[in-house]
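What follows is chain A paired twice: with chain B in the first complex and chain C in the second.
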Partner chain A sequence: MRSLFRPRHRKPGQDVGQPSQHLANEGGLLPARLALALALLYLLIPLAATLVFGLSGSHGWGDLSSLGAVFGDPDFWQTLLTSLGLAAGTTVLVILLLTPTVYQVHLRLPQVQPLLEALALLPFAVPPIVLGTGLLQEYNGAATNSPLVDLLSLGLVPLLSNVFPLLDLPLLLICAYVIVALPFAYRAIDNSLRAVDVRVLTEAAASLGAGWWRTLLLVILPNIWPGILTAALLTFSTVMGELTLASLFNTYTFPIYLNMTGQNDPHRAALLAVLSFLLTLLCVLGMVPATRPRTGGGRAALPGQIEGAGPR
Partner chain B sequence: MAFLELQELSKSFGRTRAVERLSLEVEQGEFLTLLGPSGCGKTTILRLVAGFEQADAGRILLDGEEITTRPANRRPMGMVFQSYALFPHMTAEQNVAFGLRLRRLSPTLIHRRCEELLALVGLADRAHNYPHQLSGGQQQRVALARALAVEPKVLLLDEPLSALDAAVRVTLREEIRRIQQQLGMTVIYVTHDQEEALAISDRIAVMARGRLEQLGAPEEIYRRPRTVFVAGFVGASTRLPARLERAADGHCRLGEILLRVPPQPELSDGAAVLLVVRPELVTLQQLEEADGVAVDRSQSQEQENLLTGIVELRTFLGAVTRFRVRADGGQLFTVDLPGLQARTLVPGQRVLLAFPPEACLVLPYGESEAEAAAGRSGRAAVVGQVSPEREPQPEHA
Partner chain C sequence: MLSQALDEEGGRAQSGMAGEKRREQPLARRSAWRLAGLLAWSILVPFLLFCLLFELLPVVITIQGSLTNGGTGGLSLAGYQRLLAQASNLRAFQNSVALSLVTALIGGLLGAVAAYGLASLRQSWLRNLLISFCSIAANFAGVPLAFAFVATLGVTGFVTVALRSWLHLDLYALGFSIYQFWGLVLVYVYFQLPLMILVTLPAFTGLRPEWREAAINLGASPAGYWWRVALPILFPSLVAGTMLLFANSFGAFATAYALAQGNINLVPILIDFLVNGNVTVDFGLGDALAVGMMGLLLAVVALYTTMLRRASRWQGR
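Coming up: the complex of A and B.
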């Protein structure tokens, strides 16, 4: 009697003793594909609906007048550029501030790590409206007489608010965004640093003559690059979608433009939402190649993982 | 003046004293090994020399120049780490070239030097492989080439073979020794593996509790340990607490038995001592039941110490077979016999133990040393010893 489980098209020498792989190919893959399709539908249906709504103007489906109006609106370009500038500035500042700090904490002050983690989580506990109001109060000169603020900021707040018109500069908004983006960026960089043996790599570089900065730039950064890019991406998208702080700081940004347009013309607002999504998607896709490790595509062997081959 | 001098170095971590007033001199071209159990301070010394730690007190002089407070990246030292510490994003060649690039040498020179060094460590064909594409032994060879590339005055190796398997370890330690001799390099090597230390060093510094216990050539360390700790840590041995009866004549009382040991004119009669006997210096002879009491001691005792006992354990170690023999007086002896001699001996058999007086090393043995030895030997890793023998022997006497 012919077995039901007999492979019908077995080639000579073909390995048949891999039931798990067989299952993965035949039975395991279908549910996975189904789950993926459902997830994609869940994500894409609202987006498609938004796009369809955006393109359904007064002349019915396929009305591109809304799209033309969006691109023809000078406010669109102005706010987009403002937001891009703020996002870029915040991203650069976050990376420049956090990377050396977290590296130094990992290297020299590991006991401070819990404190840094708590500080990094603090922005979650403080709503942006509180943060914005607080910053505006501090820097508009009203609170600079407070000795407590003077003391806690080591005299920096009164100095800055009296000498520079910080409220008129986007720098203060960027600083506020840095605080908002801190939890996401810190976590990404911290996780990357935990994945490499920072101390040993630093000592190895030092024994070869590299100082602190050279070690950071030539040895540490290339190994935590995916984490840096993740931090940059998270910071960038956070700023691109931030509304509350920008409103408080009276800065006309893309999210505010989006909000105002939505109140007057929902079709344009829908198109703007899709454009905003595509912009973020482009950023992500642009960063993906850079996040691939430049180590031949594999995972570094850990000490103690000895291949049987030994030295050849 | 020595090439590298450590003068009265001390280093503490919190309340733990890692290194305590340690002085050491290393000659140019010498291969010095720091040997000791975990936590004895040997790695701390290496890190102090490398500049990764700052000494609390003391000085480090290299070629007559003080480098105690000089930053690590400005010291002419090369370092090889236990975990290889290769830069994962660089190929083998780029790793070796790293130090040379920092020195702004020409690309042609860097390439040539990398080729030479990778050939020296036998990895010329692996120049473009990333660390994860290399085996552990190969990674450590790249790390060695990388450290040698910058032509350090002193090469520091921190347990470089600990993460490798046994066969690779032996091959690589011979390679390290060959390269060191070929280049005339001054090397400080840290290990807790006594066999490794004995095999490759010009001198060994045995350390315990942040202090130097003994400094000497491998043979001297093995044959003439100066302290109870060194006797227990380096090599397998039988350690017997005894009392000198006539120190000048070399008569020693071990329970009911009188043993002959080399004369000890510097010790007084009645002094408590520890007899250390290496296992390869004791011979075993099979005894029939009836012969047990018929050993004619009067004739042979002048030349050799003879004891009777029972084989308790037999462990085959390849080249030799190790026996644990309990003497009739209760003492436990460790005895190594070559394969042929060992073939007929099995546990439960009565045997005659024989060892010449010269085989007995006599060490002063006070109460404090007894306690210290008991405390230490529990942690000391003794290669080749079966676990029951790692326990301190004197308690059985």
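Coming up: the complex of A and C.
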């Protein structure tokens, strides 16, 4: 999908962060660089130790029997598939819900911006364990009888409580994951929309006869794809590692398999940790082309502005 | 926070309507405008409805549940009374706050200084590489992180064994355990540190050279520049970053759960035990604990946004 309107081009040599040569002659540089080295050492040592520990196996160095055992386990593949499905479903839902909404707010309804900001900030105050506790009570059918919630939801909660068990899909879990991913998915998409002139692009498209959806799909989307990609990969990597909600909703996902197998065999646990690290690595590397800011002073989705992502 | 946003929005909508009246448009055009306005809003309906159903109503039902008597359904403060009556519940809050505070301060302090070190690097490829590495480390949490630390600092972990055989230093004989408070602090700092580097980096790259030159021209020493100019500018960003770290570790569950299998008394672990237990489920006390968590986190998030707004003044956003 190539856009007709691509007014901003990336300048070669423009990097993440501003060039900061002026900092070079300031005081306190040596301690700061030492702190940076210390921090990097702190982040690297557990990774290296885990790799060595995982590869050394229970029968000495180079014993890869636990790797074979991991890949031979049908539960490994089954839970991996479940988690991949959940992550894909959540990612699609997050993008579908957020992109038209944030675009419309930027274009026509800037007064709704504070509400969106508040909704995207609330998950910081409602951690997954609290959200899960609330959702369990909200959608357990007749057991929790709350006329207030039934009324506030326009009768949708009782309806959905009856629909969710009928479908053999962890739909409620996917909806919960959408909320967990909301803060950083919103931030990434919002930042990328701020970096382009939504109004000018839309007016240009409209003058050529494009409608709202056509403009979004063929003009706006190609211009903000780095933000969408960042949002998608952050959502994906969070869902792949999320344990709290899956355990509350009794869904046998990859992190739960990881936790169960790892508790008995620390060497296998170390190998699985390395595998998970590689998965995170792939997701973040996928974001790298998306993190280079465009020209024009706009804020692109820098990794530094993605706050509090990841399963805890 | 939310109600404030809603008030603000309501205020703007009202003033918009007043402006429309003043112009005195013909009736037909006015209703056409109103129809267009409705259509503009209709795009937001799916998202707002979704947030109502899966974000706001769970909060409402938790607050309601904490104020309801489980048996009769009447209004009752029994949940909170039970929360306050048991020393282990208060102990869980104490542990959670202490853990979050200690890891936020360690991660915040070291992370901020390291972010300055990162901002001062001249080689942009190195800076980008390290930023990417920090993003990976900040995302590497939960069960795999717990396992990585067991492999590193567990009883038979690589570093534990190495220290014992090379330096004759037995960490576990000295009273250290990865499964207790200070062990958990080390694990949490692993994801706090890179997060602090990432969120404060823009503040350090935003320090303008003109400010420093002006301070020096006016006779400030480098220490004076830092104390009187740079730190006051950086202060809101640093506080906001630390608040984010606090909220981040206060709600963390998977890492502590995988590491200690529920043997450490933290609020999220306690809530999970109450509502996810195999024997009995106690939503009353669980809801009260959850409301306590939300109350504390709401204050932290409020301070976070206030500081972020103040910080944005200097970053020309």
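Criterion: the second predicted complex is superposed on the first by the 228 of 312 C-alpha atoms of A that agree within 3 Å, B and C clash if a C-alpha of one lies under 4 Å from a C-alpha of the other, contacts with A are read in each partner's own complex, and residues count from 1 in each chain.
We adopt the following convention: contacts are C-beta pairs under 8 Å (C-beta built on N, C-alpha and C of every residue); 3 or more make two chains touch, one makes a residue touch a chain.
Predicted model only: the values in this text are computed from it and were never measured.
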| item | value |
| --- | --- |
| Chain touching more of chain A, residue-wise (chain B, chain C) | C |
| Which of chain B and chain C A:T235 touches, first, second, both or neither | neither |
| Which superposed partner A:P222 touches (first chain B, second chain C, both, neither) | first |
| Touching partner for A:S192 - first (chain B), second (chain C), both, neither | neither |
| Chain B versus chain C as contact partner of A:P31, first or second or both or neither | second |
| Partner chain(s) touched by A:A204 [first = chain B, second = chain C, both, neither] | first |
| Touching partner for A:T79 - first (chain B), second (chain C), both, neither | neither |
| Partner chain in contact with A:T50 - chain B first, chain C second, else both or neither | second |
| Partner chain in contact with A:T253 - chain B first, chain C second, else both or neither | neither |
| Contact residues of chain A, present in both the chain B and the chain C interface | 299, 303-307, 309-312 |
| Residues of chain A touching chain C in the complex | 15-24, 26-29, 31-40, 42-43, 45-47, 49-50, 52-54, 97-98, 100-101, 104-105, 108-109, 111-112, 114-115, 117-119, 121-138, 144-146, 148-149, 152-153, 156-157, 160, 175-176, 178-179, 182, 212, 234, 237-238, 241-244, 247-248, 255, 258-259, 262-263, 266, 269-270, 272-273, 276-277, 280-281, 283-285, 287-288, 299, 302-312 |
| Footprint of chain A on chain C - complex, ascending | 1-2, 4-6, 8-9, 12-13, 16, 40-41, 43-44, 46-62, 64-65, 73, 110-111, 113-114, 116-122, 124, 127-128, 130-145, 147-152, 154, 156-159, 189-191, 193-195, 197-199, 201-202, 204-209, 212, 222-223, 225-226, 244, 247-255, 257-258, 261, 268, 271-272, 275-276, 283, 286-287, 290, 293-294, 297-298, 300-301, 304-305, 317 |
| Touching residues (chain side chain B, partner chain A) in the complex | 50-52, 71-74, 77-79, 81-89, 98-99, 102-103, 122, 129-139, 141, 143, 146-147, 149-150, 156, 163-165, 167-168, 171-172 |
| Contacting residues of chain A [partner chain B, same complex] | 196-197, 200-201, 203-211, 214, 218-219, 222-223, 293-296, 298-301, 303-307, 309-312 |
